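Next come two complexes built around chain A: one with chain B, the other with chain C.
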Partner chain A sequence: MTSYLDAIVPSRSEHLWRYTPWSRVHPGNVDTVPEVDSAIVNSEDLKLNTVAFESLSTTDIARIFLNEIMHETIVVSCDDGEGHVHIHAGGHAVATHLHLSCSTASNIVIHLHGEPDWFGLALTGDINANARLSVGIINELSSDSVMVRVDDWNVHRDASFELATLSMGGHRNKSDIRSTLLGTNASLKQFIAVHGHGTRHDDHHIEIHHQQPHTNSHLLLNAVCDDRSHSIGTGSLTIDDIAQHTDAGQVFRNLLLSPSSRAEAIPELEVLANEVAASHGAASAPINQEQLHYLMSRGLSKDEATSMIVEGFLVDSFTDLDSDHVREAMQTRLTVHLECQLIG
Partner chain B sequence: MTEVLLHVENLHVSVADTPIIQGISLEIKRGEIHAIMGRNGSGKSTLANVIMGHPAYEVTSGTIHYKGQNIDDMEVFERARAGMFLSFQYPASIPGVQVGTFLRKSVASVREEAPSPREFRQELNEAMKQLDMDRSFLSRYVNDGFSGGEKKRLEILQMLLLQPDLALLDETDSGLDIDALRIVADGINAVAKETGCLIITHYQRLLDLVKPNVVHVLIDGKIVESGGPELAIKLEKEGYDWADALV
Partner chain C sequence: MTQDAQDAVGDYKYGFHDPEDATIRFDKGLSEQVVRDISELKGEPEWMTDIRVKAYHHFMEREMPTWGNCDSLAGINFDNVTYFLRSSDKTEKDWDDVPDDIKRTFDRLGIPEAEQKWLGGVTAQYESEAVYHSIREDLEEQGVLFLDMDSGLKEHPEIIKKYFGTVVPHTDNKFSALNTAVWSGGSFIYVPKGVHVEMPVQAYFRINAKNMGQFERTLIIADEGSSIHYVEGCTAPTYSTDSLHSAVVELIAMEGAKIRYSTIQNWSANVYNLVTKRGVAHKNATVEWVDGNIGSKLTMKYPAVLLKGEGAHAEVISVAYAGEGQHQDAGAKVHHLAPNTTSNILSKSISKNGGRSSYRGMLQVTPKASGCRSKVVCDALMLDEDSRSDTYPTMEIGNSTADLEHEASVSKVSGDQLFYLMSRGHTEEEAMGMIVNGFFEPFTRELPMEYAVELNRLLELEMEGSIG
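Right after this comes the complex of A and B.
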């Protein structure tokens, strides 16, 4: 296994690190491996088992780094379960590895809280044959925190997986979310809502790899960028040559509320099979003036109408979630967050 | 004396430097229903939009008074709060915003005192029943994926709840089948006695159900003829060619 100190720090020419270099999300000096604490993880509804740390696949600098600092893996028992997992991170540098293995059906919401200077989160999971798993991740970290998140999900034959992310917290976030469709008829739906405010910098890199025929994936990333915030969405969709009859689509949409906000949306496709449907789209735009006028004609002030459009835009990210449990949790937290922001 | 709600005097309006309305004068009193008929592109929707304060339209001369007050400087939400309502020809869809939430916030914004949740629910139930609308409407996103008829019903539902003093109805009858047209017309008639209404339409069929006091014919941004309901019947039979000579 490659040691972190022997690894080469990637340059910004790499797709993955172009907008958020590793040096900006490392907890200190990139030439060091600091001491890192474990986060507090608990759940009232689901059984959690702490085991010795199970290494992540070491294909990139973030995973190599996390392999060296993580102490333990928390396995979430998620068969026929429905519930919430709370991860509370505090202190200078904190890291957690959560592993989910599902063989039946489950709906799980993972909440990220706390005020760490730096938080490393690894999420891994197997959605086994014929299983159905829906996972929602709500990032409500302090506005000063830096987060590095890496995901590795395997979706097996006839399994369906939903992964929703609501990103509202943290000052600088780098998420590298990878899913592999390993078996025929595997299905993945991924939804991401980003609320950029202040000087938040939120970078989502999403890799989806279709390795078998008759698989399908759908990705939607909706980002609202206000103030001087910056949202980045980069997609990498790969369809192997044997993955015929794949149906895959990626959509990145950015709503820009301020002239100083920025958004990048870069979907990339690598399609090696010829009998597939693969699509991608990206759009960045300010508030739609006809929507604004319509709401104002119903008595809402410009600020109230803008808030309603923003909330709708983000809420709509999760409309197509099949899991009521996860969808309602995501939409409720989002509404509370936006109302708190409106109040100030 | 009946209150004058809307007084438009020699109004000229341009969009992107192109003159659309070229000298319209109009007065609507409380309890009156005025209908405006005209060809496509004659300026009917522009008139409704400019009265409501759409920022894309520029009033180049003339005045609009509402309840005796010049409303040139009023923003669109202030006009709504003052009791003006526009039923849009093409209502915008707002994905992610549920109809129920939208209606509650609109009513709270427009009324000086927001109704209690219980009162609002009761009002909403009655209005939806009147318009033969299913409660599942409330959890759908505003106009998102709605048919043309559903959009128009939602516009009229809003009108019933917002209880405007002046209602501008821009082709509210388009996209409606016969049954839906009757239901929508009943909704308009329910508010018309206490309201001033300006109905923009292409067809006599709505005016069979909602009786106008005055019908205006609009040609090239000008009202060329005003009269009683018989004018709409004449247009239905003869078209607009005869009105061209009046420009």
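Right after this comes the complex of A and C.
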């Protein structure tokens, strides 16, 4: 296994690190491997088992780094229906590896709280044959935190997997979310809502790899950028030559609210099979003045009207979630967050 | 053509070659001396020699691109390329004076016929330099300059010095450095204020020799309120060893001007086509790239527009056809640098017999560029299971008032469409050909009719034997 100090720090010419270089999300000097504490993980309704750390696949610098600093893996029992997992991070540098293995049906919401300077999160999971798993992740870290998140999900034959992310916390986030559709009829739905405010920098890289026929995937990323925030969405969708009859789609949408906000969208597509329906779309626009005018003509202030449009735009990210448990949790938390923003 | 030659050429209509009968041929390989020798041979001013030498050093220092089809790029042996080859001692103005063997080539390509019928001017480049050049008298009287680049540098050095390398500097990329170091031939056009060149002008580029490198340099300047349509075509013989074509094209559209640059790239399948094309559009100006890529082994070409002035507009229509052993890595780049600028990009590609087509695009809106609008549409058609299609779009938005859309889809030929056409008496092959022609229709309708007809014929040729 490659050691971190032997690994080459990727240059910005690499697609994955173009907008958020590794040096900006490392907890210190890139030539060092600091001591890292484990976060506190608890759940009232799900069984958690702590085991020796199970290594991540080491294909990139972030995973190589996390492999060296992590001590343990927390296995979340996913065959117990619904529940919430809370991860509390605090101190200088904290890291957690959560592994989910689902063989029946489960709906889980993972909350990230705390005020760490740096937080490393690894999420891995197997959605086994015929299983159905819905996972929601709510990032509520403090506005000073830097987060590196890596995900590796395997979706097996006839399994369906939903992964929703609500990103509204942290100062600088780099998320590298990879899913592989390993068996026929595997299905993946991924939804991401980003609320950029202040000087938040939020970079989501999403890789979806169709390795078998009759698989389908759907990705929607909605980002709102206010103040001086910066949202980046890069997608990499690969359909192997044997993955015929695949249906895959990616949509990246950005709503820019302030002249100093920025957004990047790079939805890439590599298709090696011909019996497929593959598409992607990206759009970026300012707030619709007609919508604003309509709401203001009904007595709302400009801020209230804007907040309402933002809420509608972001809440829509989760509308297609099949799991009521996850959808309601995500939408409720989002609404509360936007109301707090409006009052604050 | 002998039967052996015909077998080697296969379906590629322009794969014939003439005996290599060069008057001057440099040894293969590149060195500072080769660069200086090219410049000296052409009797260039010192400032141009200096630019060439600087570019040569930059080329040597610069790494090969780490993106794109690196495996294919690694196959280029820069030491096995002939960087300069002169086939004719001078550029002729009368077709009858062109050496017979070269004339025969262009006769077969239909250039003189096209010139008589519908062109405002013609340049024919054979290997490194132009062998024939003409422009309609009425255009000349209006002050339109249409010269091959070497003559342009001799006759109008002040204009060339002012604009050369301002749109594509030699430091832009490795291949623009190579072109700047060893450029030869290409077109130089200046359209004076308010002059509209109604008929297209055409340049035709032909590589004939083995392991030849063609490095033409084109500079088109449309002064305020003027317009021009430039058409280029290109072919090469089919050899077993590779040739290299690395051009640089710079377009400058001044306030209110319009430049349309149409290309039908039909190199043989042993040519690396690594081209940098970029235009600048000033206030209310329009730059349009109409770009068809049918041939070559590997094409890496992303026509770009810098929208520098308020109200400027960019239009890129690009089609690519990737057959066996081909990789068409094409796309478009538009940089919105000024307010209220607009752009449209339409890219269509077809992959067949294991060919690979890629769209690589960049759409950038800088913080100062408020009120911009852009739409990008990429459609890819896969004709069999061995082929591949990629899309690599990038959108960088630095202004909240920008309204941008990008959409892409990859699909196969619809069974319903095939069935409909076949139920009306067409064979499957004919039906497939019609669907492909229809797929490319938004592109062909932008071409002069003669080119559109030729393109349809080429596609039909490529489609032959595609069924079963």
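Note that in this section the second predicted complex is superposed on the first by the 343 of 344 C-alpha atoms of A that agree within 3 Å, B and C clash if a C-alpha of one lies under 4 Å from a C-alpha of the other, contacts with A are read in each partner's own complex, and residues count from 1 in each chain.
What we mean here is this: a contact is a pair of C-beta atoms (placed from the backbone, for glycine too) under 8 Å apart; a residue touches a chain by one contact, two chains touch by 3 or more.
No experiment lies behind these values; they were computed from the predicted model shown.
Overlay on chain A: chain B and chain C fit together in the combined arrangement. More residues of chain A lie in touch with C than with the remaining chain of the pair chain B and chain C. Once chain A of one complex is fitted onto chain A of the other, the partner contacts of A:129 are absent, as it touches neither chain B nor chain C.
Contacts of A:281 after superposition: chain C is touched, whereas chain B is not reached. Once the two complexes are overlaid on the shared chain, A:257 sits against chain C while remaining clear of chain B. Using the contact criterion defined above for the overlaid structures, shared-chain residue A:308 touches chain B, although it does not reach chain C.
Once the two complexes are laid over each other on the shared chain, residue contacts for A:268 go to chain C alone; chain B is not touched.
When the two structures are aligned on the shared chain, A:241 is found in touch with chain C, with no touch to chain B. By the document's definition of touching, neither partner reaches A:33: not chain B, not chain C. Centres of mass aside, this uses C-alpha centres: at chain A, the angle toward chain B and chain C in the superposed model is 80 degrees, to the nearest 10.
Looking at the shared chain after the overlay, A:46 reaches neither chain B nor chain C. Minimum Cα-Cα distance between chain B and chain C in the superposed model: 16 Å.
Residue ranges of chain C in contact with chain A, taken from their complex: 66-67, 367, 370, 380, 382-412.
Considering their complex, residues 288-291, 293-302, 304-305, 308-309, 311-317, 319 of chain A touch chain B.
Of all the residues in chain A, the ones that touch chain C in their complex are 13, 15, 225, 241, 244, 254, 256-286.
Across the complex, chain B meets chain A through its residues 52-56, 75-77, 79-81, 85-86, 88, 91-97, 102, 105-106, 109-110, 141-142, 158, 162.
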